[in-house]
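Read through the structure below, which is laid out as structure tokens, and then see the notes.
In this document, chain identifiers A, B, C and D correspond to the written order of the chains, with residue numbering beginning at 1 in each.
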Amino acid sequence: MSNRRTVVGVMGAGEGASAEAMHLAEELGQCISARGWVLLTGGRPAGVMAAASRGAARVEGHLVVGVLPDEGKADDRQNTADLDLALFTGMGKARNVINVLSADVVVVCGGGGPGTASEAAHALNGGRPLILLAVPALWWDFFCSLGEGVESASDVQECCRLIEARLGTVLSRAKAPPS
Amino acid sequence: MSNRRTVVGVMGAGEGASAEAMHLAEELGQCISARGWVLLTGGRPAGVMAAASRGAARVEGHLVVGVLPDEGKADDRQNTADLDLALFTGMGKARNVINVLSADVVVVCGGGGPGTASEAAHALNGGRPLILLAVPALWWDFFCSLGEGVESASDVQECCRLIEARLGTVLSRAKAPPS
Amino acid sequence: MSNRRTVVGVMGAGEGASAEAMHLAEELGQCISARGWVLLTGGRPAGVMAAASRGAARVEGHLVVGVLPDEGKADDRQNTADLDLALFTGMGKARNVINVLSADVVVVCGGGGPGTASEAAHALNGGRPLILLAVPALWWDFFCSLGEGVESASDVQECCRLIEARLGTVLSRAKAPPS
Amino acid sequence: MSNRRTVVGVMGAGEGASAEAMHLAEELGQCISARGWVLLTGGRPAGVMAAASRGAARVEGHLVVGVLPDEGKADDRQNTADLDLALFTGMGKARNVINVLSADVVVVCGGGGPGTASEAAHALNGGRPLILLAVPALWWDFFCSLGEGVESASDVQECCRLIEARLGTVLSRAKAPPS
């Protein structure tokens, strides 16, 4: 018996996020909370991270986690908006690795820049299921070329069905006796 | 306005923890939950980490967080006992830095080995308030010699009063407008 | 005046590297040493890392650096073949970030899996010049879509000319008075 | 057969270093280079790090390595004085872990603040031999209480004899066939 709650990571652009990506992220965050999953993002108050957190925080019983690059000085601690839990790593961009390893399923929402791409790559590298939500075709082609375990969704409902299906596999495997 | 919950980190020995340290840790974990704070530990199913988590998980409304050194493979995910949230870093001993930076106040319970000592040192290095609960005199002398912000408690009630006092200072500073 | 030597990072597949990629990596390593640059790789005794190191170690005056994921126990320390300097991080896949941040120019040789892709992404994310040597067209398309500063070479001579050109820019910028 | 060079890590205070500690560090750096070992420090242009590097750089054939907390932007790259090789980690204080894991033997010179204490603790935690050179008695008492493998020296000649002795053990163990 374990208390451990299921964690869904949502990654995407920060300052440069499109209105469309942020709209999707907000809806996705809300769906994640509504299903009782924990939302985990990179935690900065910008773009897809902020939108997903805002959506998730709207649902009762939410747990919104941000894994931040900075050291958590007094100023950093003010800037956490919709986060219930802020983890300060002081590790800069290496915190991207923690984001995906800590998630049971990773969703990349709307593509993004090289930071988001590094997270998608680390997800595959760490064996995490990766769902690409409304990303450019080039993202889909590229990450499929790198390995198995990539899926694609064009809207939030489809994305949540895919998360559910992948969690079924992941969590039953985690509960099986170690081989 | 922020949703961010207050985080108290509890550090101490793993496999080598004394019965006394584990007893204190369990009581401390329970007090932390009872006051509505989040408990954060190194998350391994051993010693002070496990005891504090067990105590905290007994109180309704608990949030018990573990920051783990490993990558979170299927086997790792089974081994999370009383954790509500397991963060997998894949960073080995460097996760000790995250433990203390993510805490608003750090408590070292009962001393420990070099891993625990590294956490106490990183707490001071990162400017986190450090409370030493029932540690050997040598620990008190050593960490006081390294800098300000160290306090000592001999029982859990005193420790919780010190946490409360320090949080008053820390959180009011975090809410003040940046200078 | 600084003693700091120029560092060229070479990234690519490990166990799954093609014969072609390893052949190129070996030639590239040799060229890097011959020009007096330091070679830096992920340091494991496999694939592109091992081939580049082998090539570089053949030239007098070489400095071959490996940044390794493991903790450097006695066994790890045996397994360093052509490395002059082995840095043990104990940080698993997060060491990929260090690989690219420590390089003045990053070369990805022959594409690779998600680990190599994470390094290319972190290179762009950290503002390092990125040269793609003999990679699949999809890699070129994808990384060009993420940002500026990507160049492509089809053979080692062209790659070394590009490194030289980029170093001219990078190093003169580093020597300019801070703005 | 391995090319790997022996690495001696020297840790100590930065900006707050005493004149005495810096004098010792400079002499120690010189001795390390003179014996053909690589000097590794935290790389910042201050205190014991800078003094040890300066001493080491004076000897022909030196290899002076700095493992830095920052990301290696253009300004960071200017600030490397006597370093032959600057590794940029972007990981802040977590780079302290890399410093000690990458060293075959760790010397703490003259004590220091909580950053130096974290390095001494991580050295013991990672199983690295730890030599305390001219530290306060409290440092000696504290680190001896944490585990085995701590030695003490009061001058640089004695310190270098201890390094040599420990390297004999460490390196012969590394060369033995894995058990």
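Observations
In this text, contacts are C-beta pairs under 8 Å (C-beta built on N, C-alpha and C of every residue); 3 or more make two chains touch, one makes a residue touch a chain.
Predicted model only: the values in this text are computed from it and were never measured.
The pairing of chain C with chain D is characterised as same-residue: of all residue numbers used at this interface, over half are used by both copies. Farthest chain from chain C, judged by C-alpha centroids: B.
Averaged C-alpha coordinates give centres for chain C and chain D that are 26 Å from one another.
Here the CA centre of chain B is 39 Å from the CA centre of chain C.
In chain A, the residues that reach two or more other chains under the touch definition are 71, 89-94, 97-98, 126.
Those residues of chain C whose C-beta lies close enough to touch chain D in the complex are 2-5, 7, 38, 57, 63-65, 67, 71-75, 77-78, 80-91, 94, 97-98, 101-102, 126-127, 170, 173-176, 178. Residues 71, 89-94 of chain C are the ones touching chain B in the complex. Listing the residues of chain D that touch chain B in their complex gives 91-94, 96-98, 113-115, 117-118, 121-126, 136, 138-139, 141-142, 145-147.
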